[in-house]
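Take a look at the structures listed below.
Below are two complexes that have subunit A in common, paired first with subunit B and then with subunit C.
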Partner chain A sequence: MARFIVRRLLYAIVTLWVIITLTFVLMHSIPGQPFNNVDKMTPTILAHLNYTYGLDKPTYQQYLIYLNNILHGNLGTSFRYEDRTVNSIIGTGFPVSATLGFEALIFSVIIGLALGVYAALKHNTWADYTAITIAVLGVSVPNIVLGPLLSYYVGVKLGWLPTGEWGGFEYTILPSITLGMTSLAFMARLMRTSMLEVLGMDYIKTAKAKGLSNREIVWRHLFRNSLLPIVTILGPLVVNIITGSIVVEETFAIPGLGSSFVESITDKDYTVIMGTTIFYSALYILSLLLVDICYGFVDPRIRLAGGRD
Partner chain B sequence: MANLLEVKDLEVSFKTHGGEVQAVRGVTFSLNKGEVLAVVGESGSGKSVTAQTIMRLIACPPAVIKNGSIRFDDRTDILSLTDKQMEAVRGSEIGMIFQDPMTSLNPTMTVGRQIAEGLIKHQALSKSAGLDKAVELLQLVGIANAKERANQYPHQFSGGMRQRVVIAIALACNPKLLIADEPTTALDVTVQAQILDLLKELCDKLGSSILMITHDLGVVANIADKVIVMYAGKVVERGTARELFYDPKHPYTWGLLRSIPRLDTDDTMDLIPIEGTPPNLLNPPQGCAFAARCPYAMDICTTRQPEETAVSESHAASCWLMHSQAPKVDHGLMLGGANR
Partner chain C sequence: MKKWKPLSLAAFVAAVLALTGCGSTASSPGSSTNGAGSQPKLAAAQTVNLLEPSDVEGFDPNIADEEITITAISQIFDGLTRIGSDGVTPEKAIASSWDISSDGKTYTFHLRDAKWSDGPAVRAQDFVFGWKRELSIDKYGFIMNMIQGADAVVNLDPKASAAEKQAKLDAVGIKAIDDKTLQVQLTAPTTYFLGLTAFVPFYPAREDFVTKQGDKYGTSAATLISDGPMQLSDWKQGSSWAFVKNANYWDASKVQLTKANYTIVKDQSQAVNLYDTKKSDMVYMLNADNTAHYRGTPDYHELSIDANYYAEFNPNSSNAVAAKAFKNANIRKAFGESIDRATFVKTILNDGSKPATGLVPPTVPGDPKAAGDFRTQNGTLVKDNDPTTAKADLQKGLQEAGLTINDLNSIHFLTNDTSTAGKLAQLITQMWKQALGVTISIDTVPQKIRVDSQHKGNFDICFAGWGADYADAMTFSDLFTTGNSQNDTKYSNPQFDALIKQAKAEPDNSKRAQELEQAEKLMLADGYISPVYFKGVAVIQKPTLQGVSFLPLGPDYDLKNAFIAQ
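On to the complex of A and B.
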């Protein structure tokens, strides 16, 4: 197991390096510059700015300097806000996004799985159709519609919860629901399909032939085996929820990392673009690794293939 | 010998979009204590449906049990038991072995726990006592290093070993009846023989009866005391294994026997297949279901169903050829084909 993890971490570093290089090249090949209101500054000022941020050096040197900085854990200073480092932007924005994402994830996994299990057990009854209708609605209504609707009806009309901003737990409820809804629906449908597939397996018949009750069969034999496809999509889902929160953060005026990411691109804020991209990529790779490890716990067949347990 | 299982006039249909498929059309047979009864027939003859109905494992709907009774161990009709009562019978009094050992074990549960589950449920054992008993059972079915093996998962076992585990599960609670639904079909030939020997030996030891579903007459010859031959949802011939192999009466049985290959024949003998396909059970024929494929079919065969005619106390067949006015036919039967 340890060897497996070490090997995966090494791969992760190589992957990250490729991502850094690609982002760097792409960013520098877009026309324009971080300091683009040139007509309002004198050439001297521009030259001075470029000198300060190291933009006057040849691109390959900038690249090497950047790599060296990253190795020392320094993601640079924002071009836009001179008093903020990229580390601090991530440091303040990410905990907010992560809290929001985590709550959305818990919400979507628990409700989504429950809905999927319920639908599968009541296969082809009205309960099944209701659950599936909810799931289809959840997949087809985008965040950008659901967010304002919830904010308006629950926040403004009913006045039960705050319509936006970031404070205590009550501020997190509506954005979490908005953010988690798509995943919830996806989860419910996947779980239902998976349960129905496992229900048709021979070993469910074996379990039945042992004289186990339906309840015992569902929890001991059906549930765990149905979870396998869920675990597979969990990794990308986690990252999706955490990074895909830009719309939700805008809708509910939440000071998360998503908005910084989008702004940095329109601002050509090189260091912030690079910093957030690398951060998100690292997160993605890490969660995929975690999922692979989890997979081994759920499915003993994978455990052996991945190395010794 | 007392009757352990008595199936009477069993009729099972499946509701499909195309109509009602009559999979089992009035099957009657009985099984004595300690006996091995083989149910023989080709795919779609209704043998598996019959077996699963005895276990109440077929899903209703789409299946409908239209008629019949299944009496087990001189008690009430299995078909009238509640689900809860049926749970107490399954695994504890009737065990079942399925065809494909590669898929009939749960891939995410250790083998020991899968064996122990039934014991813990039916014999009120503690978890650890159940696991200890599971290790004993693994030894009983001939698995070496049983203690270690009990903690392993099915993918760490070969096909034959898995079938041994499935047998251990089925026999865990000393059931009075073991239903084996083609237990050797998915296995290599050499492993098949081992598994059959094991089954016979264990059931002798435990005093269990076996209901063996198979389409392999070799298996029948090896293990069965009595045989019923099924075709298109009906029993066409019944008898002791001896009677069926040496004095078969039904043309379908003749056909089955002719199509078994033999080791000791040369190329002057041809294997003779049964031409044609079984009838569509959405709309079963009015007369004998085999008439369309039967080389000896007469006019009456296509219009009226033959009654069952007894040959001896244990041997009977449903065929118009056995009628006193029917012509005598010489089927020239030889096991494994016929001379050219």
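On to the complex of A and C.
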């Protein structure tokens, strides 16, 4: 297990390095400047700014300087907000995004699994069809549409919840639903399919033949065995929710990391683009690793490292 | 010596407001609170809630170089002058009076007894320090180029020694004669200079405080002092900030608002939702998608700002056909004449923008001896929506250039990737197709890339915009002189250059305006650019929020005289 984790961590570092290099090259190959008012500056002033920020150095030198800084845990200072380091931008933005993401995840897992289980148990009844319709809608309505709809109808028309901004718990409900909807739908469909498959297994028939109560069959045999595919998608799901939050944060005016990420790209704020990309990538890689480790717990048949004889 | 006589454009602004149907109500934007008529009753709570689409970059006036930051800072600072509630006229602020030498080049400002938010007096030395700091930071320092010696600092080699830089700074024509007297030496008479002294780069900075705070200056309420109607009370970077009334402000008795809360809301649909649920008192610059919903309500207002948008035809394009075509005056003319500007403004923008009739937008002052603003005085110089003439001009041009109409199909239109820019490109190319039978392809790139390509001359046709840096026609005309870094089409007409040069040195305002008017006529007749629209801004504002002055250039608005009515 330890060997597996160490190996995977090494891979992760190499992957990160590739991502850093690629992002760096791509970012610098796009024309444009990270400064405001470039269209009002004379070439001399622009040259001064480039000098001040080290952008007049050859790209490979900038790259080496950047790598060296990352090794020292320094992601640099934003070009646009000069008094903010990228570390502090991530430090203030990420907890907000994480809170939102965590709530959305809980929401989608609980409701998604419940819907999936319910649909499978009521297979081919109207309840099943309703659950599946909800699921299909959830997958096909993107959160860029769902968000404004919820904000307008629930927030403005009904006036039940705040339309946006970030405050107490009531501010998190609409964005969490928006953010979790796709995952919820996906989860429900997957759980339903998985349950139906397990329902046809011989050990379920055996359990029924033993005279176990329905409730016991569902909890002891059906549910746990159906969970495996869910764990598989949990990693990508977490990432989905994190990247999805980019849109949701804009829609609901939430001061998270996602909105900083989007803004940095349109501003060509080099250091913030790099910093957030590295951060998101590291998060992604880490969540995949965690999922792989979880496999071992859910299904003992899966051996992570070589196997013991 | 003469006292500067402000050019009154209030009449024009009022006319615009009347046209949009909001000039007669008490809630009209720009309406002054001290006007005649019934005075509305103040509400008990004088708190205003506002939204901005992005965060302030910092509250240090010397680093401010974009709209939102500039708008925020101007609520908490006061310059030598402050733009009045008509949105145009510079009025006395920290300076209680000033003298201008007869050659128009020496300004002597006499300061009133004003205080910083932490108590000490605002002195002439604070202006000297602030202005020189602006020049040495060199972000927006170029806006001071009319001050003697300023250019030498701004253009100094960044590798120059500190001593050399200091020597250049010492030579700049800004001097504190005593605590209360500031003298500024200009290189040429500058009619708009008093307007500029109301602008953010010209705010004072107190040396002892700035030095003590170092890099932290202006990054939080604790590390900032200001001399304006309000002061910073809280800033949660990335999400919100707040101002409270500055009790030490010299004109504090006129300030009604006790608090202004700002929240960052990037998405406009959300901003509108917050407005509808009474979480916000105003949304500035409404998109076309949202204007229809509010038009006709008492909340809705349309304003004119000093910005124009125009198409550029590049005779130096690397695309040989485009270069050949746009070297021909008749082909350029044909492209300009076939744009239907009224339809354009109505279908795409729908926010109070107006079809362009020249280069210089309305409200910019013209000849002080004649009636009206620069635009009215110089008349309509743009030939609009005339497909018949356009077609004839195109035929003539094609023959002269030795091109066929099919050749022109290889011409590209470079545009931004925003939704408005995309629609705009679609419509304008459609107009050219209908009127001229030419199929222009559209290249869509992000804004910063568009600007970059444009300045490097890598385009055939492009859309450009220019917002005024100061309230004068020069800010627009100057761009098209030979060798100007904004002159994307590399337009060069010695006669035009001569007129601009003459105007820059002209001490007689009336003559100067005439020279600029002549220059505008000349440049537009050459047709390398074709003005399309003058930018308007749609605003929704709760009828209870009154006395906000909207400004056509620089900051978006001023809250100094704003109040909440019952």
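Quick note on the criterion: the second predicted complex is superposed on the first by the 294 of 309 C-alpha atoms of A that agree within 3 Å, B and C clash if a C-alpha of one lies under 4 Å from a C-alpha of the other, contacts with A are read in each partner's own complex, and residues count from 1 in each chain.
The rule is simple: a residue touches a chain if its C-beta (ideal position, glycine included) is under 8 Å from a C-beta of that chain, and two chains touch if they have at least 3 such contacts.
The structure displayed is predicted, hence computed values, not measured ones.
Participant: Identify whether subunit B and subunit C fit side by side or clash on subunit A in the overlaid structures.
Facilitator: Aligned on subunit A, subunit B and subunit C fit with no clash.
Participant: When the two structures are overlaid on chain A, which partner does A:Ile30 contact: first (subunit B), second (subunit C), both, or neither?
Facilitator: second
Participant: Would you mind checking which one, subunit B or subunit C, touches more residues on subunit A?
Facilitator: Touching more of subunit A: C.
Participant: Tell me the contact category for A:Arg220 with respect to subunit B and subunit C: first, second, both or neither.
Facilitator: first
Participant: When the two structures are overlaid on chain A, which partner does A:Tyr11 contact: first (subunit B), second (subunit C), both, or neither?
Facilitator: Neither: A:Tyr11 stays clear of subunit B and subunit C.
Participant: After superposition on the shared chain, which partner residues are touched by A:Ala209: those of subunit B (first), subunit C (second), both, or neither?
Facilitator: After superposition on chain A, A:Ala209 lies in contact with subunit B alone.
Participant: Is A:Tyr129 contacted by the first partner subunit B, the second partner subunit C, both or neither?
Facilitator: Touch status of A:Tyr129: no partner.
Participant: A:Gly155 in the overlay: touching subunit B, subunit C, both, or neither? Say first, second, both or neither.
Facilitator: Touch status of A:Gly155: second partner only.
Participant: Figure out whether A:Gly93 sits in contact with subunit B (first) or subunit C (second), or with both, or with neither.
Facilitator: second
Participant: Using only C-alpha atoms, work out how near subunit B sits to subunit C after the chain A superposition, in angstrom.
Facilitator: Distance of closest C-alpha approach: 48 Å.
Participant: Taking the stated contact definition, name every residue in subunit A that is touched by subunit B in one complex and by subunit C in the other, in rising order.
Facilitator: none
Participant: Flag every residue of subunit A that touches subunit C in the complex, lowest number first.
Facilitator: The contact residues of subunit A facing subunit C are 30-33, 36-45, 47-49, 51-52, 80-84, 89, 92-93, 148, 151-152, 155-156, 159, 162-166, 250-253, 255, 259-260, 263, 266-268.
Participant: Would you tell me which residues of subunit C are touching subunit A in their complex?
Facilitator: For this pair, the touching residues of subunit C are 54-55, 57-58, 63, 65-66, 138-142, 154-155, 158-159, 215-216, 218-219, 236-240, 263-267, 269-271, 273-274, 276-277, 279, 446-449, 451-455, 469, 485-486.
Participant: Within the complex, which stretch of subunit B touches subunit A?
Facilitator: 55, 57, 84, 87-92, 95-96, 98, 100, 103-109, 114, 117-118, 121-122, 153, 155-156, 166, 169-170, 172
Participant: Quick check on the complex: what are the subunit A residues that touch subunit B?
Facilitator: 201-203, 205-213, 216, 220-221, 224-225, 298-301, 304
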